[in-house]
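Just passing along the structure, written as structure tokens.
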Amino acid sequence: MIQMYNVSKIFDNGVKAVNDVTLHIPKGDFLFLVGPSGAGKSTLSKLIFREELATRGKVLFNKKNVARYKGKEVPLLRRNIGMVFQDFRLLPKKNVFDNVGFTLQVTGKGRREIKKSVPAVLKMVGLENKSEMFPKQLSGGEQQRACIARAIVNRPPLIIADEPTGNLDPVTSRDIMSLLLDINRRGTTVIVATHAWDIVNSMRQRVVALSAGQVVRDEEKGAYDRCR
Amino acid sequence: MIQMYNVSKIFDNGVKAVNDVTLHIPKGDFLFLVGPSGAGKSTLSKLIFREELATRGKVLFNKKNVARYKGKEVPLLRRNIGMVFQDFRLLPKKNVFDNVGFTLQVTGKGRREIKKSVPAVLKMVGLENKSEMFPKQLSGGEQQRACIARAIVNRPPLIIADEPTGNLDPVTSRDIMSLLLDINRRGTTVIVATHAWDIVNSMRQRVVALSAGQVVRDEEKGAYDRCR
Amino acid sequence: MSLDNLTYYFREAFSSLHRNFWLSWASIGVIIISLLILGSSALVVINARCLADQIESSVEISVFAEEDISESELDELGDKLKLVNGVDSVEFVSSSEALEKLKESFGEKKEALDGLEERNTLPDSYQVKTVDTSLVSGVAENIEQMQGVEKVRYGHGVVEKLMKMTSWARMAGVVLVLLMSIAAVFLIATTIRMSIFSRQYEIEIMKYLGATNFFIRVPFFLEGMILGTAGGLVSVALLFLGYHGLVDKVNSAFSFLQLVGGGQLINYIFVGLVLLGAIIGAVGSSIPVKRFLKV
Amino acid sequence: MSLDNLTYYFREAFSSLHRNFWLSWASIGVIIISLLILGSSALVVINARCLADQIESSVEISVFAEEDISESELDELGDKLKLVNGVDSVEFVSSSEALEKLKESFGEKKEALDGLEERNTLPDSYQVKTVDTSLVSGVAENIEQMQGVEKVRYGHGVVEKLMKMTSWARMAGVVLVLLMSIAAVFLIATTIRMSIFSRQYEIEIMKYLGATNFFIRVPFFLEGMILGTAGGLVSVALLFLGYHGLVDKVNSAFSFLQLVGGGQLINYIFVGLVLLGAIIGAVGSSIPVKRFLKV
């Protein structure tokens, strides 16, 4: 589903966030992206999402170079990707229901469908009682879960979750990870950038480790780090 | 240093975030605040910080009811508290150096002192190379560390860190926690709201567990939860 | 565009007006004031032009026939005058009519002229109006050369000054309305732009969630149109009431100064203001969104 | 306030102007346009008042003595007139001077009056000017009752109309400038308020970091003052150049219509505009901050 060939990202201020990464992610994969703070995990996700464009190299999504998506096509690319942003990015003036429903709204889904799908997804992440609340009125973990609900509600073929459990307690974290794994089992490709070493270690999925923008490890059934 | 007597916080929309909490935190304490997502940890911190006012009950800081701080005194209260916000709250149009220096600036510190203190603190959190960068240009973990640097730079008598390691890898997380413990050993009272069960368990400090706004456990040398 | 989308667009527009309450009111305020200023200038200009027209149309050439001319020759002269290029109308004023007119123009002092009736030295004349004020001097020269014409008179310097002044007033009017339009457009567009500026964050997120530019912009377009139309209607209402109050007062107070009381042009202005408000609102709201869509 | 703080405040103000580049320019644009509109209205009003003054000062009362009055009584009457309350000046106009004046006012048609010289029926008169136009009718009545006065005349209806019109013009002027001031203040304050609106998040954070309200507001105050002063200076410069260009053109084109070319009042307006800009900028920037400080 995703191929990266010698991808580098150098920001305006000269920071080399991603450095010559070559990576293949087949359809149906479940992949943990790990690495120390500032290793380039979020930047790598943004390259797939076309939030940033690669300085060098090629990023292919469904065999098409994402840099080739122009103007009107960019939204079509993004509708294929359910993104859990590290900084949440909830719409501040919409309540939880409308925030989650927004991804359905943009694809022109009718109100009936929205009214059916959204509550179901909110229930999955444990926010069934918060649908009328605005982002500002939510706790950190609740915002994070709203963000996860929004990413999965329109059943995209790819989900990228950037640190989806950073504000969640261990129990909820595990629930969320099981949810993602469940979605993966039904055919969705899932990429999770995370620092939750305990979960990574217990789930035994593919692990790609980044360090200073480079892939330093890529193991099937891997662990958070070699030593453990 | 902090006394809470039967404190409750009910938000406009009827949510009872903190429910009849009585809690004493002596000067020099190191306290972990734990509990599931939405338990009321952040709200409790905000009550001390006077970001929110208690609906019922009294919150005393240095023996003075925080509700009694009016107008011009509120800043004086806040200068005594180094706060690591769960949502960071970095000033978007100032670079890291100026963000961290701001807490010194507001107390009227001279430029010479700022130029001396800030780089030292940035080094402690590992951001010595990022001082010219703006919040938008930082990774999630880097923003979090900038926020921690800002909270400790003016050596306040109380530090409240709300989920300070949610975006940090295990190694950096441990470094930050040791830093906080170090600061605590020099006499600063430290409150850490966190989900990092591994760190809580290994550090064996006082643990206050919240659930649905109520204190359900308060143990010296406690653990993240009873079962482990 | 399905019905679902359409209701979504309108719901969004209205709830955004509601959520951005203060910004909406501030924008409407600015729209009202800008359009009021523009509308008032337009009304002033219309009245100035109308006054200029009145002044100009009162510029006439007096043609005095030779004293020894016969009655029939005099008539003939009148007919010939009508054929001169640029002449609009010709009116015969007899010696006694001239005295009447003179007395009239004296107003309260007219008894000073009482003695004149017995030996009226005022000659007969033709009063010639030209099609356009700029033709006066040319026509006058032509007439002077005609047979049977003793003397031609028109307010030489005065006419030229008047003409200058009225054409100035017209030009100044056009410039004023143009400048005011630019100012109004700038003010309204800037205000709306600012209010959208504060929503940059939202717009970018929507783009990240796979919304098309069109999808994001339509509610802004509608919102701006609603704001602009509302502002336009309020300012036209205020202008209408204010202006008609003024017209009533002025027209009854000064019989010699009559304001344009109504008519096509003024209605056009009122309709134009509402349209202008709606258009700047709609376009001004959807254009600035563009710069935040490039993510 | 230490030097460190002072430099901080100024550094903050300037770097904020720089960082909020677009908002700063938009605000300056709005300030310039608002002050230009206000300034132009003020100039129009000044000129209208000046014109009104000229018209009013030309309103006189003609006092005609009884026909059988002696030379010395006539002189005496003149002296008495000077003592009437409200009278500014008294001028004797003999019968022949009156005819001259009349002829003059006839302009090109004056030969029509040629016959009058032989039997001049125009009486001698005193031309009385009053201190203030509103006194004309009162003074005239008083004079009428004086001994030796045959008749008093002043342009009854006309004078009253003129007075009405000039006092109207004055009032309308005051109203116009007042309305324009309100509009300018509203426009500028709203714009600056909006630009601060988009910085709500920053202001709140500063408050959470222990900054005092004063500390947060001073840079906004300075920033607004800089914006306002800059906008004021630009608009005054434009107004100065534009107005003087206009005065030159108009005063040379129309000898009968003279614009106020300079003087104290106009300088006051220019200085006033810059001050107004600075004040609204400074106050308008620091007041709206207040609502975000309540955290």
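Note that the chains take the letters A, B, C and D in the order they are written out, and that residue 1 is the start of every chain.
The criterion applied here is as follows: a contact is a pair of C-beta atoms (placed from the backbone, for glycine too) under 8 Å apart; a residue touches a chain by one contact, two chains touch by 3 or more.
What you are looking at is a predicted structure, and each value in this text was computed from that prediction instead of being measured.
Steps needed, at minimum, to get from subunit B to subunit C via touching chains?
The least step count works out to 2.
Using C-alpha centroids, which chain lies at the maximum separation from subunit B?
Of all chains, C has its centre farthest from that of subunit B.
Using Cα averages as centroids, what's the distance between subunit A and subunit B in whole Å?
28
In angstrom, rounded to a whole number, how far apart do the mean CA points of subunit C and subunit D lie?
Result: the chain centres lie 24 Å from each other.
So what's the Cα centroid distance for subunit A and subunit D, whole Å?
67
So, what's the distance in Å between the C-alpha centres of subunit D and subunit B?
62
Building nodes from the protein chains and edges from chain pairs that touch, which of line, ring, star, complete or other describes the result?
ring
When you check every pair of chains, which ones turn out to touch?
Final set of chain pairs in contact is A-B, A-C, B-D, C-D.
So in the complex, the part of subunit C that touches subunit D is made up of which residues?
22-23, 26, 29-30, 33-34, 36-37, 98, 102, 107-109, 112, 114-116, 119, 121-122, 153, 155-156, 161, 164-165, 168, 183, 186-187, 190-191, 193-195, 197-198, 250, 253-257
So in the complex, which bits of subunit A are touching subunit B?
The touching residues are 11, 13, 15, 34-38, 41-43, 86-87, 132-133, 137, 139-142, 144-145, 162-163, 166-173, 195, 197-198, 224.
Can you list the subunit A residues touching subunit C in their complex?
On the subunit A side, the touching residues are 49, 51, 71-72, 74-76, 78-79, 83, 85, 89-93, 102-103, 105-111, 150.
Can you list the subunit C residues touching subunit A in their complex?
That would be residues 2, 4-5, 7-8, 16, 19-20, 201-202, 205-213, 215, 295 of subunit C.
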